[in-house]
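Scrolling down, you'll hit the structures one after another.
You will see chain A twice below: alongside chain B first, and alongside chain C after that.
After this line comes the complex of A and B, so read on.
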């Protein structure tokens, strides 16, 4: 593929997007394997156990989204700063460093898998913290890459021009790299360990990533709907204020049951319950803007994925989060398939959708075109079907997991009193098993959607538009 | 003091929790639509949606035993969901007033909208 017509940042972005898609495929493959292991527990037993497939499923998700965000920032960097990227060579080194580290970590997860609970394991095999299992050496590598990424962005904006979007973005990147450090030290006290570990998970996901997505959404709306810069910038500030106002202390909903002081029940309960209010109120803004612009865009797939992002964020984070966020009910749902149900919809709705939208914004430029209209020679069936199948698949998995989680919180937690007896009674209950079967079916639907998405990204706009 | 949800109230808690958000979104949607289209009857529907939200919040509060200081959460949700769309609407109007004239402002629909604001 010839990329000479793209600027340096965009050429680097294409590399990030490519690895993001490869890791997205890995996430789905290992997700399907993990799902099958619920139905056929002996599957690959002793070869690729559930703990390994699940680890790769989740880590691949976190990392492909990180690649997607980084690619998106590199894509908009030169255009937004109105100057050439600073430190492109270093950026390229950072890309290869990160990609090499990810490859080695995945190979270690697959081939070595686990080790004794000592420093060697922590440094070279698996650090043991869910979602961020990467060993310590890779952690250090990730932080170095994030600092390079920060340098590229901050130095480029300093050389060029600053904007509201770039200001928020650069400050957010400081937090993105800084907060990761909270998950890198070791303490033998599991409560203290989990306390800091949640800083990475929650504050990344419900603070820094959300702000990053806010910046991308603001830029994406300017590109696809030609929304005025002043408006998107003002709303970005409002959104960040609302998000931090409830989101930072919403962290407390992870502190309910890990041995932290009791006041976290109140703090977590209150702030988590108030978190959806800004999300709901933003419906007003969406209606206002839709009325003002009549949704006239120049890139139909990107616009469709941005709309999917708005709905996915609302349902995944808002509805599914709020249903089990109060400690009075979370006592029964915490760590069951309820969490998995919420996680599937929220991660897909809030993050996967916007990265896909950003890739669709990039694709016509990569092919030397202006946009993707409704006059595609094949009617655009591939992007429409992939959009439909991916959303159907994820929503289907979410509902299936919800049914299993409901049964689990009922039988394992409330009736069984969180005992081993309760756990196994819940795991073999027909509602749980049927939920897992349906999850598998919708997982396959998601996989088909992903295949179509990749096919579309590789081919859309290659034929002349009608 | 935390009083966990009773077994018989599980579904009520999940359902009313979902209804709080759904009715809140419906209220916001109808509220904005009514203002945008200058149709007062839509505002009646908006406040009916808020009525559903009100009932859902109280049901959730009762089933989840939101007593004592937890009652303040119920109040915060009722007031927050009621006022937030008003605040966001005011911000929408204010932010769009600072907008420089652009190509899209020439659209007939945009002119119609600005005249209503």
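After this line comes the complex of A and C, so read on.
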């Protein structure tokens, strides 16, 4: 693929996007395997146990999203700063460093899987802490790559011009990289462990990542709909105020049951209940702008995915989070399939969607075109069907998991008192099993949607437009 | 008619608001963290010292707080061996490292966090599935060392894979689980049935 007509940042972005999609495929394959293991418990037992498939499922997701974010920022960097990227070589080194590290970590997860209870295991095999299972050496590698990325973004804007979007973006990247370090230590005390672990997980996905996608949304709306910069920037500030205003102390909803004092029940419950508000603001923002311009954009797939992001973020992160965020219900739902239901819709709705939108924004430029018209020769059936199937698949999984979650909360938690017997009584209940079966069916729908998406990204705009 | 943009709709107003709100919330979080950390440091009221594994641990309903809370009882040394605080910490720490190295969180939840493929381990030490207190230690060791043959999956067909845990490692894991069950988790899990005291 010839990329010489793209600017330096965009050439880097294409690399990041490519790995992002490969890891997206890995996420879905291992997700399907994990889902199958609920239905066929001895599937791959002793070969690829559930803790292996599930770890790769969630880690591939986190990492492909990071690749997607980095690709998106590199894509808009030169255009937004009105100058050339300062460290193209360094950016390339960072890319290969990160990709090598990710490959090694995945291979170790797959082939070595676990180790004895010593420091070597934590440094080189598996740290065994959900979402940040990557061993410590890889943590350090990730921080180095994030610093390179941060330097490239900050220094390029410093050399060129700053804007509201880039200002928010760079400050957000400081927080994003800094917070990761909160998870890089060992303590025998699991309460302290989980206290800081949540700083990484929550302050990433419910604060800094949200602000990052707010920046991408602002830029994406300018790009696809030519919305005024002043308007998107003002919206972005409002969203940052609401997001950090609710999300920073919203962290408290993870401090209900880990040994932390009772006042977190009040603080976490109150502030996390406010977390959906900025997400409503984003829906209003996106839908209003699209309507005000009579849906006339220069890139319909990207616009559609931006709208999918606005709604997905609101429902997945906002509504599904709110449903079980108050301690009065969370006492029963914490650590059940409710969390899985929320996780599926939130990660897809808030993050996967906008990265796909950003990739669609890039695709025509990669092919040397200005945009994606509405007059595609095949009617654009592939992007429309992949959009439909991916959204249907994830929403279907979400509902199926929610039904299992309701059943589990009631039978295991409220009635069964969370004993092992209570746990399994809930797991074998027909309502639970049916939920898992439907999750599997919709997982396959999602997988078909992904295949179509990749086919479309590789081919859209290749034929002459009618 | 005045057509000027109201102050509350201006870019600069929201920029300043965003900065001040973020800074304020972060400062509040730091203050709360400074208050919380000492309360969850091992040896505090909520998170007992590691030597609590020398004691009997219960989980009883507290009328005043209207929830179940851990109750530390008389001497009941784990595996009949009383440990100093230092030795207890070393054993619990070894146990925790084993749970991390074997990626237990990839299937189980601890304090409710992790994966949902296997039971929560927060109060695993107190689970009635271990028959009774006198039989508990031996059953736990046997299960951890050979989970496939000692499966307790209650008709689900879901079996814990053999993670090649030695007897010494199993004891460390059990020490970690016993210590974890003594943490005051604000009544989570709710309505829990505690193991019988006698066989």
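Criterion: the second predicted complex is superposed on the first by the 453 of 466 C-alpha atoms of A that agree within 3 Å, B and C clash if a C-alpha of one lies under 4 Å from a C-alpha of the other, contacts with A are read in each partner's own complex, and residues count from 1 in each chain.
One rule holds for everything that comes next: contacts are C-beta pairs under 8 Å (C-beta built on N, C-alpha and C of every residue); 3 or more make two chains touch, one makes a residue touch a chain.
What you are looking at is a predicted structure, and each value in this text was computed from that prediction instead of being measured.
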Regarding the shared-chain residue A:1, is it in contact with chain B (first), chain C (second), both, or neither? neither
On the A-aligned overlay, A:323 touches which partner chain: chain B = first, chain C = second, or both, or neither? first
Let me test your reading of the model: by the given contact rule, A:339 touches which partner, first (chain B), second (chain C), both or neither? second
Scan A:281 for contacts with chain B and chain C and give back first, second, both or neither. first
Quick check on the superposed pair: does A:265 touch chain B, chain C, both, or neither? Answer first, second, both or neither. both
For A:111, is the partner it touches chain B (first), chain C (second), both, or none of the two (neither)? neither
Using the superposition described at the top, determine whether chain B or chain C touches more residues of chain A. C
Where does A:331 make contact in the superposed view: on chain B (first), on chain C (second), on both, or on neither? both
Output the chain A positions appearing in both contact lists, the one against chain B and the one against chain C. 230, 234, 238, 265, 327, 331-332, 414-415
Within the complex, which stretch of chain A touches chain B? 226, 228, 230-231, 234-235, 238, 265-266, 269-270, 273-274, 276-278, 280-285, 287-288, 291-294, 296, 314, 318-319, 322-329, 331-332, 406, 409-410, 414-415
Touching residues of chain C toward chain A in the complex: what are they? 9-11, 14-15, 17-18, 21-22, 25-26, 28-29, 32-33, 35-37, 39-42, 46-47, 50, 89, 92-107, 109-120, 122-124, 127-129, 152-159, 161-163, 169, 172, 180, 183-193
Would you pull the chain A residues touching chain C in the complex into a rising list? 37-38, 41-42, 45-46, 49-52, 54-55, 113-119, 121-122, 125-130, 133, 164, 168, 186, 188-192, 194-195, 197, 230, 233-234, 237-238, 240-241, 244-245, 248-249, 251-252, 254-262, 264-265, 267, 327, 331-332, 334-337, 339-340, 408, 413-421, 423-425, 427-428
Within their complex, chain B touches chain A through residues 2-5, 7, 10, 13-14, 17-18, 20-22, 24-25, 28-29, 31-33, 36-37, 64-66, 69-70, 72-73, 76-77, 80-81, 84-85, 87-89, 91-92, 95-96, 98-100, 102-104, 107, 109-110, 113
